[in-house]
Amino acid sequence: MDSRESLLAHLYTVGTLENVDGGVRFALKNRLFAATLTGVSRVELDGRAVPPADVTLELDGREVVAGDLDGGVPFPLRRIVHVRVVHPALDPGTHILGLTINAEPFGTLSFTVADGVVGKGDRHGGRIPRADDNTSPAVILERRRFVERVTGVDLHHVAQYSGDPAETEGNVENFIGVAQVPIGVAGPLRVDGEHAQGEFLIPLATSEGTLVASYNRGMKLLNAAGGVTCTVADEAMQRAPVFAFDSAREARAFRDWVNAHLDELRAAAEATTGRGRLTYVDTFLASRFAYLRFNFTTGDAAGQNMVGRATFAACSWILERVEGVRHFYLESNLGTDKKASQLNTLRTRGKRVTAEALVPATALEQVMRVQPASLARHAQAANVGAFLSGVNNNGLHSANGITALFIATGQDVANVAESSAGILHTELSSTGDLYVSITIPSLIVGTVGGGTGLATQRECLDLLGCRGDGKARKLAEIVAGVVLAGELSLASAISSLDWVSSHEQHGRNRA
Amino acid sequence: MDSRESLLAHLYTVGTLENVDGGVRFALKNRLFAATLTGVSRVELDGRAVPPADVTLELDGREVVAGDLDGGVPFPLRRIVHVRVVHPALDPGTHILGLTINAEPFGTLSFTVADGVVGKGDRHGGRIPRADDNTSPAVILERRRFVERVTGVDLHHVAQYSGDPAETEGNVENFIGVAQVPIGVAGPLRVDGEHAQGEFLIPLATSEGTLVASYNRGMKLLNAAGGVTCTVADEAMQRAPVFAFDSAREARAFRDWVNAHLDELRAAAEATTGRGRLTYVDTFLASRFAYLRFNFTTGDAAGQNMVGRATFAACSWILERVEGVRHFYLESNLGTDKKASQLNTLRTRGKRVTAEALVPATALEQVMRVQPASLARHAQAANVGAFLSGVNNNGLHSANGITALFIATGQDVANVAESSAGILHTELSSTGDLYVSITIPSLIVGTVGGGTGLATQRECLDLLGCRGDGKARKLAEIVAGVVLAGELSLASAISSLDWVSSHEQHGRNRA
Amino acid sequence: MDSRESLLAHLYTVGTLENVDGGVRFALKNRLFAATLTGVSRVELDGRAVPPADVTLELDGREVVAGDLDGGVPFPLRRIVHVRVVHPALDPGTHILGLTINAEPFGTLSFTVADGVVGKGDRHGGRIPRADDNTSPAVILERRRFVERVTGVDLHHVAQYSGDPAETEGNVENFIGVAQVPIGVAGPLRVDGEHAQGEFLIPLATSEGTLVASYNRGMKLLNAAGGVTCTVADEAMQRAPVFAFDSAREARAFRDWVNAHLDELRAAAEATTGRGRLTYVDTFLASRFAYLRFNFTTGDAAGQNMVGRATFAACSWILERVEGVRHFYLESNLGTDKKASQLNTLRTRGKRVTAEALVPATALEQVMRVQPASLARHAQAANVGAFLSGVNNNGLHSANGITALFIATGQDVANVAESSAGILHTELSSTGDLYVSITIPSLIVGTVGGGTGLATQRECLDLLGCRGDGKARKLAEIVAGVVLAGELSLASAISSLDWVSSHEQHGRNRA
Amino acid sequence: MDSRESLLAHLYTVGTLENVDGGVRFALKNRLFAATLTGVSRVELDGRAVPPADVTLELDGREVVAGDLDGGVPFPLRRIVHVRVVHPALDPGTHILGLTINAEPFGTLSFTVADGVVGKGDRHGGRIPRADDNTSPAVILERRRFVERVTGVDLHHVAQYSGDPAETEGNVENFIGVAQVPIGVAGPLRVDGEHAQGEFLIPLATSEGTLVASYNRGMKLLNAAGGVTCTVADEAMQRAPVFAFDSAREARAFRDWVNAHLDELRAAAEATTGRGRLTYVDTFLASRFAYLRFNFTTGDAAGQNMVGRATFAACSWILERVEGVRHFYLESNLGTDKKASQLNTLRTRGKRVTAEALVPATALEQVMRVQPASLARHAQAANVGAFLSGVNNNGLHSANGITALFIATGQDVANVAESSAGILHTELSSTGDLYVSITIPSLIVGTVGGGTGLATQRECLDLLGCRGDGKARKLAEIVAGVVLAGELSLASAISSLDWVSSHEQHGRNRA
């Protein structure tokens, strides 16, 4: 039987060993992955075993005797199980706690740790107030008061929120209030997608002046061009663990083994998730490392947690079977979550979506006062510039629109890091009109989970008809359309400043 | 005298030519850069000149006769000047308007445009309601009602804001309400910076569960290590225009000319700004293009607009003096605003800031349950992974902390695109402790301007003691310290899952 | 019936229309891909058809009547077929030639071109002398004399070659002599590969002083470490065409169609080659372009031509079946032949090979006078440097050894562009020794074809036991081992200059 | 007095301590930088001092008493000084040798090393034969015989060289013969440079069939366009050391110190070289490392060794003055010698040179059978492809021409790694002609030093009129012109295969 201390270590919360009425209590906090507790087979205090009958588990107010967990106690992510033991009060100071539990799908975990018993009174000195029901009005107020006392700042506005703080559980810890980010509305934008069809008013949450106005002008232009056509070409969400071996040859053999066991890996991974599907596993070898990049579809969720859990399960399945692994890390910089990478641009992260339009010269001239040729020329000079600078977006500012939509609709805004990559392509058509497209290769959006259920975010998703299941691709199409509006608007502004060009047409500068 | 139609084109707002009492009116909206109107020397309608005495300018309720602008009328960015002409009512349909104005520092601009006269009634059909006083409660409500009517969505929560909407002017257009983003508080974090000194409670605005808790654990670890040392090494904000010539040799000559006229360029650029200082101009040649990258310091503002204006002024100065420029574009993908680039990593955008700590092995083991060697080993495997993936951050997830702080403190969140770059460096010290640092090469922060004056954002800046002048470097130091906390926390979590490693120490897997 | 003018245009050689005894002659040179001529169905001169019986083909001295090509005439790459027509002598000046031929596997090609008849005498004025037997001693001498006359330079040494010039056919055109590149010998190097086993003397062709000596020292060190272990992990050779469509959606549909027809594509591709095998096709979408990256194994040849031909055949197969392709180009910068790219590093081009060794501290100190820790520390600083500079090799100078071996062994030396990428990884072992490896992700080597049959190159391949079939992986292993020797040698030299470090050990610089 | 063991360690050659007539002898080999020995102040054998009068130095046959070195003995790079000591014969086994010498410009160096005495007879067992006069016919023959004996291969052709082997000294060690690389001649190419003017016949050393023919066709096209215009825009050669400190703040202070002492650094650096000039020092900070990138001009030499020596001298000057440096390494992956990097593309390495031409549509159609629009369209698709693949050259195959010219003209061919970067730019002119340019940002060429003096290489340089001083820029221009010819030729070939496009013009595929 394999015991995995390090894993359990991740469950145990230091500094929680305490004397309570009739016994001793400590906390297990699940910081890892959802699990089911199916047994507690050993509790030792300072080397002395406690009979199972004297051990009780508390979760969400429920209390269960540890010896009687039939079927198991659900142990969701980020929740705390308190373990209560019938035991004489412990002296202040350090004690040794031993524990063996069974948690599916991770099997038997056993662990020994030293922890110090502290009185309740020590807790709230300089530390942020917390409580078991950590989003009750009382503890939120206590926390805000604490912050105000420590910093001398009146959090008047931060405290003005309209949603139920309990709804923020799963979104934030130590809640004290909200940041209010102004929303401007732009549009309507006519979108011709496979999922988004028709005209959309676009809520943009931003503090950058002119952003809404600029996107609005771009939308007007796109509408004049008959709308923007949007296409989702691919989707993927990744986690990329690394396995270290003693030699390159062993790493290669491991890669081959993995490729031969994809069906089993898929089964292990998908057992942890309802929506997630393992599509393929990319492998990369360097030195004596084998990097595996697990690619999933994740339904309408952005899915980072889902694929982390599923990949971890697949890796657990591997680690139980493969000899010779010297080290294992669940992430290796080949997933490139929250980071821009060439790999994401190549192989898609989130959605790969293209927005395109054929903009008539007349529309461009009337709405933007520029010639198609001027934009095309700028795109060429900007392509050379992009090649020089090593930028991950040869367009102009897609991050602006993406960020504003992400904040408004409850996306994980840190994903702007990946989502801001872009491939702009501009062509003069044979009729002198302007074909323009932007491909966003790693747009991370979801319409369920994350911040999509928060009060204002929910409303903004509703504005777009993008809340809930079956809407993620629709949202991706809208985001891409908005981004193209912004590109056209800013490119036109830059091109309209090319007074050299405008003179040239009138023949003044040419000898 | 040079007339710059294209520039003026950018000032004129299509669709505003209208009959009003006693005459005709049209609008000039400044979408470019702050200027001063010093004269209107020509107004023509359908080819017929209007006497200067019959032309009146309206700005902010003030009315001035065009022939009598002595000293000039300030024309701020994004503001509208209405030009009113004594003239018989125009027939519906298209009319030709000719205009010559003088606007400092851009000189004389002249322009001819066709515009259509529309009746007032056509305006509010399917379009978003607007008014001159565009942040009055009435128009905001009208706008929200319009959105609700079109989409059938009740914007109950979006409408709950506590600040004065008028304060959002300059931050957003077409304001309809706010996105409420939950704030959790973490810390305190002990920071040893040159500007930030002491313990800070950190407001993190996010909807990503566990983020606050994870950063909090990292802060606990850093505190146990005596705090985090933070250093701002450099600062720069850029705009990078491109000049196209007939040949590479002309582009080279231009580059040399620019290098010989830096003092004049500096004078022209700095005349447009109180805070901005031109530090140096980088030049890059490719094909027959000359790319100039203007580098500025911008005081405590993030400064993108400031440097755009200043660079444009410098380019205007150039364009008046240099022959042979075939095209000019104010941006070329070498500024890489809102985008990740190798160039930013190399040469700094915003602040270049490093957070570092020497974490004792004992602290790491007690707080995180991992060994220093395990983190060091992970960093090495992750470095190879980063090299393979072409990622712009060899660390783990700095975007998470940065984004949460950016939303809370009113930064331009789209700058996460650049700010998410990072260079993590991890070393085992000779004593077995862990030296760890992260350098953020392009952290864009400001403590004045942008969203820093919004109600909740102001409070969060106050929490950190970072509001107003003289605080930008302090904020940069705090952000970097928070980021390092997050790196340590997640790296520990990943390393603690390396049960292979932990077994190895107990000799079980090694034959 | 589809006629493909542009393809045929590529076969026709301008400036060859000439009067000969009894008729008129012109040349078709195959600059494309090996084919078989199976018919000439139309020859027209100035609009007048020539009867098939009056048309004769000449290839390699053989003459065939065009109407009687049963089974077809082989038409190898770079060979010329002369078409001779019974016809009265043409007047000097321009004439119109029409031609329809059938060439398998490309089908019927038809073409009309204007060409000028020139007298033989005009040919040799300022132009480089050529002849049908272009490597006869006479024409080589004539060519060299021509060059000497034009430039006034005596090509004494260039003329000193020992091989048979006829053997250079297929390697060079317009042969005039040889460049003599000095070869130094290093080693022996003990290699523990799967294909290369034992000690090897290494011929290095270079003009860079100290290179041989430096690699030699590295080999001595590797031998002291028990030799270098080498492993080929993957192999691939690519060609990456692009297909342009009217919209992103069509490009996506095309990608799906391709993925559904891989077996047919494979059949079409492999029909053109004996050694080549299509392993997989990577697809990348951006804008309305579909990029296909065909991956092959190519036996023991480097294989660029082989995969070009095979990919073109597969694309021909596609183009005959798919509607809506607007443009097709056989290369698109996703094959990245002769260029360094992230994609090659990720997904292998040529061979992916790793050389690794565990170097005992004592060996390093005795042979190189440095400590393992010093090299490990340098590797870390160099990793950060690599991340800053965006270099495609975090090691030191693998191009040196690779180039010297490539010249010596008849590789395509321009492939140094790809082959110089590298991933160096250095670890201190728990025993204080130094694990070091280098992975070369895109090492392009062959042991058949290309320059491997040239006189001196053949001898150098024989030195290594690497000539002919079944040897390419062996050669890759040896190259990697040599490269690692060079890395250790230069890294030691750099580290031994760290006198700060060496002082530190003696406690002098630390207060 | 500072003693720099590690530096001296680099001078001493292990395994040379030997008994000779009347004493003991050992060797110092200068593997570092040219120096002048100005004194030997200490020689100890097994702890016993030897009187200065008993110590003699031998260099190049000259013998000098160590106590009487007035003015100093020159000690060139890669040369050996034998130190002979009057001393009783040493027993076989290990002895301790102590030595203090003075070598300008490095100052006093002192050193203690253990070495083993071996008899002469042990030397030539399995080792490659060497001699003091290592390029005499006798030792070359002995070496070749050794290789032939060990490998069983007859080196008949390798032995056929026409130059004097002694001339290879400084280019190669352990010379055994030459690789003969076929040279084909192409051209003439009409070049309109600032240094190269007129028509040039181009010697291309290659084993890749069709290369010469393909470049030749491109040259024909360029000539038809009136020739190729070439411009050198910049030049630089770099070495980039790294200094490690205890903290980021110290690294920053160091950077500022360096910037304040550039004149002194320049003086120290330039003292070591006649041709080299320090132009500027770029600084990059990350973690607690300060990276300095020294930029030099190097006259007509490629200059890597020159700038290595000069940078080392500057760093020595720094290290004697700056406290707190923990580690120093002379290279850090920011010089990116022999490697492709974004940094080189941005900031030039070697020469930055652009070749450009305006190719008339008629010339393109006649010589290449393609339309300008077809090439322009391909360039656009290839730009998107380049952006996806992360390639360092958006053109096609500049490495081919560069490599062939490098081998022919005695360049350091490993520099193909850097030199193969390129920026291709293609524009349709308003007249329908094709403007095309390629910028090579890091072309490393020299016309003195390196392999430029070898027999055949000298002749090829003479062919181009590019031998000796004042010719490097001329050579750079010619290389760029040749490269552009190759780009046009291959781009035309690829475009001419676009039969879709050619059909489209005839209206067949469009419904």
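Read from first to last, the chains carry the letters A, B, C and D; within each, the first residue is number 1.
The rule is short, and it goes like this: a residue touches a chain if its C-beta (ideal position, glycine included) is under 8 Å from a C-beta of that chain, and two chains touch if they have at least 3 such contacts.
Everything numeric here is computed off the predicted structure, so don't read it as measured data.
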Problem set entry | B-C compared against B-D, more contacting pairs | B-D
Exercise. Of all the other chains, whose mean CA position lies farthest from chain A?
Worked result: D
Problem set entry | Distance from the mean Cα position of chain D to that of chain C, given in whole angstrom | 23
For this session: List the centre-to-centre spacing of chain B and chain D in whole Å, with centres computed as mean CA coordinates.
Result: 43
For this session: Would you mind pulling out the distance in Å between where the CA atoms of chain B average out and where those of chain C do?
Result: 47
Seminar exercise, completed: Residues of chain D that touch at least two other chains are 284, 286-287, 289, 342-343, 346, 383-384, 386-390, 394, 423, 425
Seminar exercise, completed: Per the touch rule above, chain C residues touching chain A in the complex are 194, 229, 231, 233-234, 247-249, 251-252, 255, 284-289, 342-343, 346, 352, 354, 356, 390, 423, 425, 437, 439, 441
Seminar exercise, completed: chain D contacts chain A in the complex at 342, 345-346, 380, 383-384, 386-390, 394, 423, 425, 427
